[in-house]
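What follows is chain A paired twice: with chain B in the first complex and chain C in the second.
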Partner chain A sequence: METLLAAFDLVFRFEVMLVILGACVFGIFAGAMPGISATVAVALLVPVTFFMEPVAALAAIATAVAMAIFAGDLPGALLRIPGMPASAAYAEEAHEMTLKGQGGTVLMTSLLCSVMGGFVGTMALAFSAPWLAEFALQFQFFEYFWLACIGLSTAALVSASNPAKGMISLSIGLLLATVGFDMISGAPRFTFGSLHLMEGIHFIPVMIGVFAVAEVLRSLTHPASDRREHAHVQRIDLRAALATIWRYKANIGRGSGIGTLIGALPGAGSDIASWVSYALARRFSKTPEKFGTGHPEGIVAASSSNNAATSSTWVPSLVFGIPGDSVTAIVIGVLFLKGLEPGPLVFVENAPLVFSIFVSFFIANLFLIPVGYVAIRLASQLLRVPNTVLMPIVLLFTLVGAFAINNSTMGIIVALVGGVVSFFMQENDFPVAPLILGMVIGTLLEQNFMQGMIAKGGDLTAFFGRPIAATLGVITILIWVTPLIAAARRWRQMQTRHGGPGAMPHRNSAGNPTAG
Partner chain B sequence: MKSMRTAVGAIAIGVMATLTLGVGAAAADWPDRPITLIVPWGVGGGTDIVARTLAAQMEPALGQPVNVVNRTGGSGIVGHTAMATADPDGYTIGTINVDLSQLVCQGMTDLTADEFTHIALINTEPAAVSVGAGSDFETLEEALDAIRDNPPGTYTASGSGTGSIYHLAWAGLMVTAGIDPGRVTWVPSDGGGPSLQDAASGAVDFVTPPLSTAAPLVEAGKTRPLATMGSDRFSRLPEVPTIEEAIGEAWTSQTWRMIGAPKGLPDDVRDKLTAAVRAAFDSQPFTDFMNERGFALTWMGSEDAKAFHASEDSAICEVMKAAGMI
Partner chain C sequence: MKVNDAISGAIFLAIGIFAFVHAGTFRTMPGVPFGPGLFPRLVAVMMGLGGLILIFNGLRAVRYQPWLRLEEWARQPRSYLMFFACVGVVLFYIVVAEELGFILTSSLVLIALLLITRGTSRAPSSVLIALTVTASLHLLFADTLRVPLPFGLVEGWLVG
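Presenting the complex of A and B:
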């Protein structure tokens, strides 16, 4: 209790509050720009934090990331251009709602869910960090492999209107993820002797191309007059937002829980948490057929999930000094710089400071509500801007972002090529979100499979050799097999009906392997 | 709007002036614009954070900001190449890492020590041998005996990618102890941090990241260090012996970080840069940062750094040949 009071004393000061507010505004801009990832935003903040006290410095980083993860939804919902990879899973769904004139409401829903997810993640960080860290340390190559498999399976659920085209899109993403130096063999792959391709293809420029550049092209070929007629006015209906949240409260709980667990794993983060939560929301939904038509259920789950993950990502960094993602890798540097050495003793030796970080997480989440509200109001005005003005600006900003990722023109080329490819894919009803998923998960999947196989000398049973791995493996296989069984059953019923009462469905179904 | 136009005009004039005056005039009034420091690794990594802290402290000495730019990929080839092929005008400098010597030996790049102007060496970081808390091994001696007595492939080791400095550190230790490096399977990983996690979870038997990285996990009781590959013990974990103390054979292996520039940099600009790096190296914020992080402060001036880089180019290649890594 004394610790907590000391922590409050450290946080509730004018400078710290001012820093949190400033970081909120900064996070909005960073998150809404498709080219600025949470990592880049934090890297930009670091030199500024040199001049701050420890609490203010860490609060600034935590706030900016929480805000940026929400702000990624703004262009995602309004323009169908997700500002963050973590928003890519449900950008299309949110945009459908904007076309119905519900853009303000869906963003408000997403904002409040982000705040609640952030609270859950922070509570988990404050009260179960050591336990969560133990859990994360149980994960070996095999567990990560299955987690990646579950992540991949979500592509089929996200693109259920046409699973085959979804799989093709996913495969393109997986292929792109193999370009560059192979970590396992040290050999370059698909580089054609080009130094630039050796770097690998960074997925942020691809995301910029696939969503932003393609959207600019679409606006040329599909003049917006009829599509955006209703979209000019985006009222924020707070009552509707609260009603939605209440109706799908189970999704907030599940999304936040999944986000917290996945975020605590080094090597997975808010991106993957967001996809898995969206897919599970659909899996357990009473009305899965509404997904993809502007239905808020999945958005509720995913936006609470990715914000929960941003808090729990700090767990392995604080407890073991192992960064959960590139943001916390920078955070570890700042921790050292502020004389806070990560380790299990940090909760004992520096208790007031550590708890003040948690308190500042809470404050940051509270600040999200008013700042986020203003941002939604302002961003909604974007839709009043004529396309002929808006789209060139979008193109300019996103290409600058694509360049800034590596300070190389390669990013711009990748974004432009990705945009043209994505445009043609979308014109032919290919979903493009699975492509991004493939790029996010491809490396995780391949590396852990290869590492596991090398460590165990190629023994495939190792994938079921440990309790967590076996459980995750069985879940994965069930996810894959269930639709096949369901399809087989439907086919059998159809056979029974067509064949009349005397038909022999058993022999029929057994004799035809193409039932799925 | 008007002020913007003026600013654009000023920049345009500045650019033209630079172009017409060219490199020749640069030395006298160098530096008259910001300097770019290329880091071939990602934001937040060890090299990045050292470079950023150093760069911030170089500004007072130079009177111009030093901007860190990350050019990642290709195991560092991309960034190192970008720096080495820039104009030797003193406005593009960069970090040079030990990894480059290995890439040269593997034939992945031609960037030997001759391709650079060396400004200074600022840091060396010894590798170390650690095991997970669940491991049977309490000393390096026991571990090496077990590797000798069991069939090849019984044990696994990790630390970074195949052919990386940490792989080399391990292979060199095996060769020094008279063991065929092939007896232990090398599991490539994404770097020191992830490999330590693999040791803690029991996924691999031995890992080789430096003790500065491993310290939090050691203090948490999740990993156990057996020996450090430095010539001296590590101050934060003074009970960990050096390799020589542990097995009686001398073997050291360390990563190092230098600040360099493209070859052909004028001598007076080089000397000014060395002086600026030295001022930053001695500054309180930088030494505080390095000490807190557990990074060793090691200094070599321009000539020493060049000689050391050249000696590493050949020494690393010898170990790699002996270990059968090329």
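Presenting the complex of A and C:
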């Protein structure tokens, strides 16, 4: 209780409130732009938060993400272009409702569902995290090593469309993390005599490059398939929205629950939560035939689900220091920069700070109602900003942001190289999130691994010596083996079919079905 | 712009081999059996392994996955103009920002880029946007967050 009061005291300050409000507006705007995903939004926000107090910085990120995930629905419903992967599951459905003249109402419904989902996710975060942290206090480097392995492996192998490409992307990140002086021996590594590289490669410019610069390049070189139609001002029928919510309250509960659970898994976030909830809503619906014709049931479930997941992804990040997705990977990087090592000890040493994150999530969700309402009213203007104007501005912003971290041109060079490399990687279906994850947890992973190795004299069985470590180790190995089994099975199938050109299963770059 | 997996695989295999060999040169502490090269070497093995898998897949699929495939966007000259314009203005910024100062460089970069993306017919509004954005960025980073952005000609006038 005392910690909660202390947390309120930390958050309810003029500057923090101002920051949250600013992050609201920024998040809504960024989320509504089809080119700017929540990750890109956070990548752009981090250089600014770099100069803030930890509470304000984390509150800003938490708020911007919550806003952006909702705002992705705006272009999804009005233009059928989801602003965010998390909105893709129901963009088509919401657009159908817009065609029926219910665009404003469906957005209002999805706004209120987002808020409720956000509350459920935040509650789950606030209650489960401290409890898990207490459990995690018993962990030693073996457990941390395996946890880091699980987080990285799910990101690289399970979420990626091609596990080999995920593995390569991850290894780039891990190698980048080793550049500079070694923590244990003090030896310079991969510095090639360069003074700049001896300081190590800062993760923020890399992240800005990999997400934001690459997105600028991608969206300017891939011009939109057609001139964007103009969105029209939509009438909001609040009573109808509330009636819809009441009718499908079970879906909100289920969607929020699923979102919370999926979000808490490492390597899965709001977009997967939204697809799963939409599919389940259809499965359990009494009228599944109405799905796809402008029926709100699935929208209700999925939009509460993706916002629930945005809060609960913070659970593994805060408790174990293992990020659930690329946004929380950035958050962990920010925590390290602020001198706070995420993990169970933060809950003991810095409990008010952790609780202030929970409080800011609540406030963010409260702010979402008025700000989201205004955004729906202004959506038609908001969506008129063309990429040809937006992207040059974003590019300049990335330049200044990458410079601001160390006040050195090195940051800009790193961001440019990162952006070009990431652009070509994404063109060839390499996922880039594992790269950032690897870079953020690389140091932690290596430290725990080396400490374990040195302490036990290289005895690998020691990594399985304690019950929790052994369990986590077995899970990790299962994650590693699964793609091999899958590959072997594919191989056998191809042999029986005499392996023709069509035999290789093709998956799209995102690894999940695309809308439209 | 998609290349056959064998090509990207070969690139990463080469990087992996290089990293593995290079990690062997790291100075080890006497008496500690596990030196600073161990972890990078494990990662390099992982990268090389991924590269090998890609080479294998790419060569097997070579009949229907060409060495280089240009998608719709990559066949339009405009896409290359955009790409090199973005890279070019960033390089321009890196080279001249210290000399000209932030305000002048940023305005030039934005005007140039906006003229390319939106066409020259909308020059007046492009200039206006560029100046507004530059001013806002300066206000946010230099004045509010106290980032020492490159000081130059225009900054000199403003102060003096």
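What we mean here is this: the second predicted complex is superposed on the first by the 275 of 516 C-alpha atoms of A that agree within 3 Å, B and C clash if a C-alpha of one lies under 4 Å from a C-alpha of the other, contacts with A are read in each partner's own complex, and residues count from 1 in each chain.
Convention: a contact is a pair of C-beta atoms (placed from the backbone, for glycine too) under 8 Å apart; a residue touches a chain by one contact, two chains touch by 3 or more.
What you are looking at is a predicted structure, and each value in this text was computed from that prediction instead of being measured.
Trainee: So in the superposed three-chain picture, is A:I184 touching just chain B, just chain C, both, or none of them (first/second/both/neither)?
Mentor: Touch status of A:I184: both partners.
Trainee: For A:I330, decide between first (touching chain B), second (touching chain C), both and neither.
Mentor: It touches chain B, and chain C stays clear.
Trainee: Applying the touch criterion given at the start, work out whether A:A455 contacts chain B, chain C, both or neither, answering first, second, both or neither.
Mentor: first
Trainee: Could you tell me if A:G298 is touching chain B, chain C, both of them or neither one (first, second, both, neither)?
Mentor: After superposition on chain A, A:G298 lies in contact with neither partner.
Trainee: Thinking of the overlay built on chain A, is A:G118 touched by chain B (first), by chain C (second), by both, or by neither?
Mentor: Neither partner.
Trainee: Taking the superposition on A as described, I'd like to know which of chain B and chain C A:G418 touches: first, second, both or neither.
Mentor: A:G418: touches no partner chain.
Trainee: Looking at A:F139, would you say it contacts chain B, chain C, both, or neither? Reply first, second, both or neither.
Mentor: first
Trainee: Touching A:S408 in the superposition: chain B (first), chain C (second), both, neither?
Mentor: first
Trainee: With the two complexes superposed on chain A, say which partner A:A43 touches: chain B (first), chain C (second), both, or neither.
Mentor: First partner only.
Trainee: Under the contact rule defined above, give the chain A residues that sit at the interface with chain B and also at the interface with chain C.
Mentor: Correct list for chain A: 184-185, 188, 407, 450, 454, 457.
Trainee: Under the stated contact criterion, what part of chain A meets chain B in this complex?
Mentor: The touching residues are 39-40, 43, 46-47, 50, 137-141, 180-181, 183-186, 188, 195-196, 198-200, 266-267, 316, 319-323, 326-327, 329-330, 332-333, 336-337, 339, 341-345, 406-408, 447, 450-451, 454-455, 457.
Trainee: For chain B, which residues count as touching chain A in their complex?
Mentor: Residues 42-45, 49, 52-53, 56, 69-75, 77-78, 81, 106, 153, 156, 161-163, 185-190, 193-194, 196-198, 200-204, 213, 215-217, 219-222, 285, 289, 292-293 of chain B touch chain A in their complex.
Trainee: Would you pull the chain A residues touching chain C in the complex into a rising list?
Mentor: Interface residues on the chain A side: 48, 51, 164-165, 167-168, 170-172, 174-175, 178, 182, 184-185, 187-190, 213, 216-217, 220-223, 386, 388-389, 391-393, 395-397, 399-400, 403-404, 407, 409, 412-413, 416, 420, 424, 427-428, 430, 446, 449-450, 453-454, 457-458, 501, 504.
Trainee: Of all residues in chain C, which touch chain A in the complex?
Mentor: For chain C paired with chain A, touching residues are 1-3, 5, 8-9, 12, 16, 19, 22-23, 26-29, 32-40, 43-44, 46-47, 49-51, 53-54, 57, 61, 63-64, 73-74, 78-80, 82-83, 86-87, 89-91, 93-94, 97-98, 102, 106, 109-110, 113-114, 117-118, 129, 133-134, 137, 140-141, 145-149.
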